Amino acid sequence: DLVVPNLSYRTGPYAPGGVPYADGFQDYFTLLNERDGGIGGEIVQVPECETAYNTEKGVECYEATKGNNALAFNPLSTGITYQLIPKVTSDGSTLYTPGYGRTSASNGKVFSNVFNYPANYWTAASVAINYLLAENGGDLKGKKIALVYHNSSYGKEPIRTLEELSKKHGFELVQLPVEHPGQEQKSQWLQIRREKPDNVIMYGWGVMNAVAIQEAANIRYPMDQFIGIWWSGADHDVLPAGDGADGYKSLAMHGTGMDYPVYADMKKYVSDAGKGAGAGDQVGGVLYSRGMYAAMIIAEALRTAQEIAGTSQVTPAQVRDGFENLEITEERMEELGLPDFGQAFKATCEDHGGPGKARIQQWDATAKTWTLISGWIEPDMDVIQPLILEDSEAYAAENNIEHRCN
Amino acid sequence: MMPDTFFFAAEVMVNGLMAGIMYSLVALGFVLIFKASGIFNYAQGVLALFAALTLVGLQDGQIPFSHVINAIFGTDLHHFGWTLPAIVAIALTALVMVGMAIVIERYILKHLVNQEPIILFMATIGLAYFLEGFGDVLWGSDIKKLDVGLPQGVSETIENVTYNWFGYGFFIDKLDIVAALVAAALVIALTLFSQYTKYGRALRAVADDHQAALSVGISLRFIWVLVWSIAGFVALVAGIMWGSKSGVQFSLSLIALKALPVLMLGGFTSIPGAIVGGLIIGMGEKLFEFAIGPMIGGATENWFAYVLALLFLVFRPQGLFGEKIIERV
Amino acid sequence: MFYREAGDFKTTYSEDSQTFPIKFDRIRYYAVLAVAFGIIPFFINDYWANAVFVPFLIYAIAAIGLNILVGYCGQLSLGTGGFMAVGAYAVYKLMTAFPEVSIFIHVILAGGITAGVGVLFGLPSLRIKGFYLAVATLAAQFFLVWLFNKVPWFYNYSASGQISAPERDILGIVITGPDTTAAAKYLFCAVMLLLVAWLARNLTRGTIGRKWMAIRDMDIAAEIIGVNPLRAKLSAFAVSSFFIGIAGALFFAVYLGAAEVGESFGIQKSFLILFMVIIGGLGSIFGSLAGAAFLVLLPVFLKNVLVGGLGWPTDLAAHIELMIIGALIIIFLIAEPHGIAQLWRLAKEKLRLWPFPH
Amino acid sequence: MNIQNPDGYTTADGREIGGVMMEMKNITLRFGGVAAITDISFDIREGEIRAIIGPNGAGKSSMLNVISGFYVPQEGEVWFHGSRRPPMKPYQVAAQGIARTFQNIALFEGMTVLDNIMTGRLTQMKSGMLAQALWWGKAQAEETAHREKVEKVIDFLEIQHIRKTPVGRLPYGLKKRVELARALAAEPKLLLLDEPMAGMNVEEKEDMSRFILDVNDEFGTTIALIEHDMGVVMDLSDRVVVMDYGKKIGDGTPDEVRNNQAVIDAYLGVSHD
Amino acid sequence: MLDAPQTSDTLLDVNNIEVIYNHVILVLKGVSLTVPKGRITALLGGNGAGKTTTLKAISNLLHSERGEVTKGSISLKGKNIANRDPAEMVRNGVIQVMEGRHCFEHLTIEENLLTGAYTRTDGAGATAADLEMVYNYFPRLRERRKSQAGYTSGGEQQMCAMGRALMSRPEMILLDEPSMGLAPQLVEQIFEIVKAVNANEGVTFLLAEQNTNVALRYAHTGYILESGRVVMEGTAQELRENPDVKEFYLGMSDKGRRSFRDVRSYRRRKRWLA
């Protein structure tokens, strides 16, 4: 058997985000087990462990699950990720943090056991700006862009990138931190009402998203000028604001909705068979899709590892190699029943971060659906790459890490 | 530029006052229970969450414990298939809160008569843990939309009127206006109750000395059920207001933290104090964030509220309207 | 008649004021020490260290610290998380600025720095009392968290504001960083706890402890019989923060290895440690340990039983776990409001009589 | 009515009383509208037992609180050992050798009897915090030395058997005795007792009287005492101040006071013998 | 032994009760007493004898102190009252004035008095009349009626506690050390009031008192408690004349009252404890 623990959170302030993600993650492996008999003939076990988005419980879960030869960890929490980075590196297992975690971990020379492809916080910021550039005919000079962010290490991630980009493109950046949990944002939105920024970018999580969108609607901020990162673009973020949320945009790392062939199998082997995780009411939602996407990539990495190692019962070290040699192509996604679901990418020893592309989706309040309104947008790697280098080098220096891949 | 800044500051201030009222709604519940029993009720926030969850659950006809039932029996139950009118659901929820008050009295408070305040405080923490888990088991932990038909969004009337007067349209959220009206009504009613009825007097007597209250024949059990019911109702009101704003989910229970400085500033025992404290805190933190926040990096509201309360307390250690702490030997 | 204290006579006053005046207690205490230092280190693995022992030891240190302030001196504090953060960031700055100095010294210094901060935030306690005092400590809590989040100097200008502990050692034994062995972590924390408990015990049984308790029980009377309230309260804040700072330093450097201030040292931490102190027993060192054990072990235990043993879904288990912990807290308080320590004392009193009812 | 001899006098039973130790000059104390003490002057002499009596609410306890520095009078001066006492915090007053008991027992309920009495010696303890933390020789030696003193007091008041009992569990009378022990442990020059015998039966009052007399006799401690039991007051005290509604209505030897008409009207009702 | 009560009804009957605090501290070791209706019964005894505990056992306030009646029974008018709510006891006409006053500090004197009328249902008029009555008994309270009780002197608080109990129009008052801390005049006055209330309104009193002298002058019968046991009982007259009582509780020697100055020379032993 292969063991991929699911460090999830179904309680606490961030449970509404954690639940669908965990469901999607779990269901995808269930699908593989039920339909294909696992991966390479090995059943995948997904022991779930509740972290409550709490770093200590995260450590406990890690220790509790790692013993059974756990192959990859995906804790869906930046705080837990930071703690696990040294631990997995020392224990030789793998941390997979798509779209979250430590951005500079995409530098494989320094972070041997951490992977965060296909996109991360910094590329997200850059994609958003590139999208706005495209919208504005390639020119953001003199524009004012506000960043509303969760005042935690997660929310602060894009600041450096956006500052660099504002220098490059000549827009003005207004920073508006929101304190956890973000129930009360009056002053931030009054400020937005006053400053009338041309666009608002949001890095939020948990209840902060819903309140921000509600407040934006309250001050009648034009929703189509309001873009959230992919963590601020779930159904439960927009639903509470009702019609007011119509037109709200968010980044998307992957597709959403039930229009993928995989759902036919999902229905047949998982939900109809009564094997669905959780209450089963999250299927097809944004965060469910993301959990499924993460599971899919991990599954593919396991498959790659099996191919390289020539054995089905792979070890954590072999799985790490699988991650490092993973290639996801359009065709492969098609085969998996997820055509055009995510971006194609190929990992290398140096590059654990992927191309960092994203699409834009927009909320339709009457139909209550997200619609993809753009193709894959490239981030501005010229700006991001030096930042990644700088941060990872600092880490390497502080911890006496030797560079790999030479 | 100058008058614009002035108007904007005024707008921030007015909105601060409004936000303060939202805090006061939560603080009121604390005050009631403190007044009646000297208990600092840590569970007040969770109570609001629980009330809101129950309200939504009843309104949408959710099947209680469906989550557990489904897990055990492999069924797929979710809804009864009805939706109740808001007013009925609110009334039913209020009843549930009364039931809960009875249960709390019966299983917790009754056994802790005459204990030190910190012990009672701890018991309410236990209660908070329990209710948090129970609410989730009962109604599930997903985010829920609460809609009892309260208006939301900018009030156009005020915006237009102020625009005509000052050339600057003020932003005031309609929900905040409703909250202010409800809060005013609650405060008047509760003040009358505690000041002019014999139960009000009994309530204050209980807070001073449990045993002496017992000795004159005040039934602690009745008083506690009464006051926890009222506090439950206040929690429901707070839950409705905050839930309408942000949906009903766990974070709702964290609003208690916003109510703490309000409570301390106003005084633990004063109902009007909860409102005045709320106004001061709301206005103070918003203005500070507006004027000083940008210079020091923002997100100052949480700590500034406490620092503001602290400043007041240094001058009046019992809070603005709290009862004087009697120091004698 | 298991528990004897009759026939245990003392001939000097210093013998009478020793920590375990009763021989039976003394023997048991040495037995615990022998197990803690002689047996556990040889059997401990990563899971037991990281999930159970290390957090327990560190929380016990913090709980002793808070107990000095709340349990002995009667000053309610909800700033523990913030003070732990001071310890954590102090040790981080020291570790990165002076890599060659022993981590032991850093931890102690971090405690010292926290003591200073604690005194500063303790000043309002002169005027503000009871639950109202909580506001001062809450102000400390929120302000400190905000400060460490906002000022990049504290986290060495790292991109996200997270701090992570580099590898440091004592006499060549690695204590922090990913390659630390379970036994090293455990032993370091255990030694620190022993040290802290010993200091706390000495302080609380002597003059200064009596001053604190006098202030706690009746501050006015204490002042009238000659206790300077300013000095007494501030010294309690200092000592308490010193221990809490040590706990914070260990929590970050040894236990978590990386930390983000709002998440690791938020208000929830303050509450958690206060719960430990109250459940364990206010004004009791043993109670601090018992409370920490209760609140660290119980969730792990319940989780293992409900998820591991009974195979419940994790979310249901987590919710039920909350309910059980809540219910247990209430049951405990009803059974004995003065905490586990008092329960233990009463049990001893009963044992003394046993098997005779009276 | 005051005894005019500035250098002390000899009591009826032949004891020598010294000069003025403490003098209250024109003390006035108000709480908002309530005048608790109005323009009261009296003195306390070295070695005497001075009683303060008066109806309930007369301001007796308030007067002791003024002496302790807990209440600051609006007007008037306190003279101690011949010089005017500057405004002081209560703990500074305690350090000058003034100890007291309280009307509503103010023991530290969470501590044992022994610890309570040890707090009486706090003003004399010198060792620093670090020394105590490490329980170094000096701290330990000091602790033992003070413990010896305290044990003497415990023996003296005959409360050996409850040494290790938490005071919360003691009956009222014993609490009063422990409170006296705490005050005595400070080895005060001036001992203030606020109704030390309230709530006691005759037997216990006799015990208490014995202690008070012995303290006064053996250690030469000056005692100021408030008491409602006229038997006790008249038997024990050398001089008596009588207060009524915050005013002084009499001052003198027990005999003088007993026969003072104003005192009889306001307080005694019938003349006691 | 008791002559008078035999004829009148027994209001309260305490039958061999044992009380344990905190599950370990045994305080009452079998106390029995009867309180005849319409009479004043005194409960005497030294410190820690168990007087307060007995009263609390009757008013059912023990629970709130973690105490428990483990043996024996208490009946009021023939009905067992174990496990009754204290509030119910008040409604049944039994109210306790607690030792150490226990006024509601933050309430004014008048509000304190009014809480005494909490269980009454006979209307505001009757309450107001009784308030007037209490003020007439204790004029000092009228003066201070707007002050918070926490700021009044000890004696004023004692009056307030007494007055508060009277406000409930009780059938029986359990009075715990009413004389403690009161000026002599006031002690007489309070006992006069007790006597008057007893005579005029027929209220029964059970009073725990240290001041044996006064108590035995006003009570009809008395019990003497030592270390949780009843060691002597009888009419007030009998007790007053008992040589032991004289010696230990009244402070009388053969030559009249002993001076407190003369006590230092000897220690006594009570015969029944020897």
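Note that the chains take the letters A, B, C, D and E in the order they are written out, and that residue 1 is the start of every chain.
In this text, a residue touches a chain if its C-beta (ideal position, glycine included) is under 8 Å from a C-beta of that chain, and two chains touch if they have at least 3 such contacts.
Bear in mind that the values here come from a model prediction, so they are computed numbers and not experimental data.
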Next item on the list: Treat touching chains as neighbours and tell me the shortest step distance from subunit A to subunit D.
Entry: 2
Next item on the list: Specify the chain most distant from subunit D by Cα centroid.
Entry: A
Note to self: Can you compute the centre-to-centre distance for subunit D and subunit E, using the mean CA position of each chain? Integer Å is fine.
What the structure shows: 29
Notebook entry, point to check: So, what's the distance in Å between the C-alpha centres of subunit E and subunit A?
Noted result: 74
Checklist line | Euclidean distance of C-alpha centroids - subunit B vs subunit E, Å | finding: 45
Next item on the list: Averaged over CA atoms, how far is the centre of subunit B from the centre of subunit D? Could you give it in whole Å?
Entry: 50
Next item on the list: Give the residues of subunit B that touch two or more other chains, as numbers and ranges in rising order.
Entry: 67, 136, 141, 297, 299, 302, 328-329
Note to self: Show the residues in subunit D shared as contacts by 2 or more other chains, in ascending order.
What the structure shows: 70, 102-104, 106
Notebook entry, point to check: Of all the residues in subunit E, which ones touch at least 2 other chains?
Noted result: 151
Note to self: I'd like to see which chains touch which, written out pair by pair.
What the structure shows: A-B, A-C, B-C, B-D, B-E, C-D, C-E, D-E
Checklist line | Of subunit B, residues touching subunit C in the complex | finding: 40, 67-68, 71, 107-108, 111-112, 115-119, 121-123, 125-134, 136-137, 141, 257, 260-261, 264-265, 268, 296-297, 299-300, 302-303, 306-307, 309-310, 313-314, 317-319, 322, 325, 327-329
Margin query: Could you list, by residue number, the parts of subunit B that touch subunit E in their complex?
Written below: 113-114, 198, 201-202, 204-205, 207-222, 269, 323-324, 326, 328
Next item on the list: Over in the complex, which subunit C residues touch subunit D? Could you list them?
Entry: 12-14, 16-17, 199, 202-203, 206-208, 210-211, 213-214, 216-218, 220-229, 235, 239, 283
Margin query: List the residues on subunit A that touch subunit C in their complex, please.
Written below: 8, 10-11, 15, 19, 48-50, 52, 54-56, 59-60, 62-64, 66-67, 78-79, 82-83, 85-87, 89-91, 102-104, 151-154, 156-157, 160, 180, 278, 387, 391, 394-395, 398-400
Check: Across the complex, what residues on subunit C touch subunit E?
Finding: 346, 349-350, 353, 358
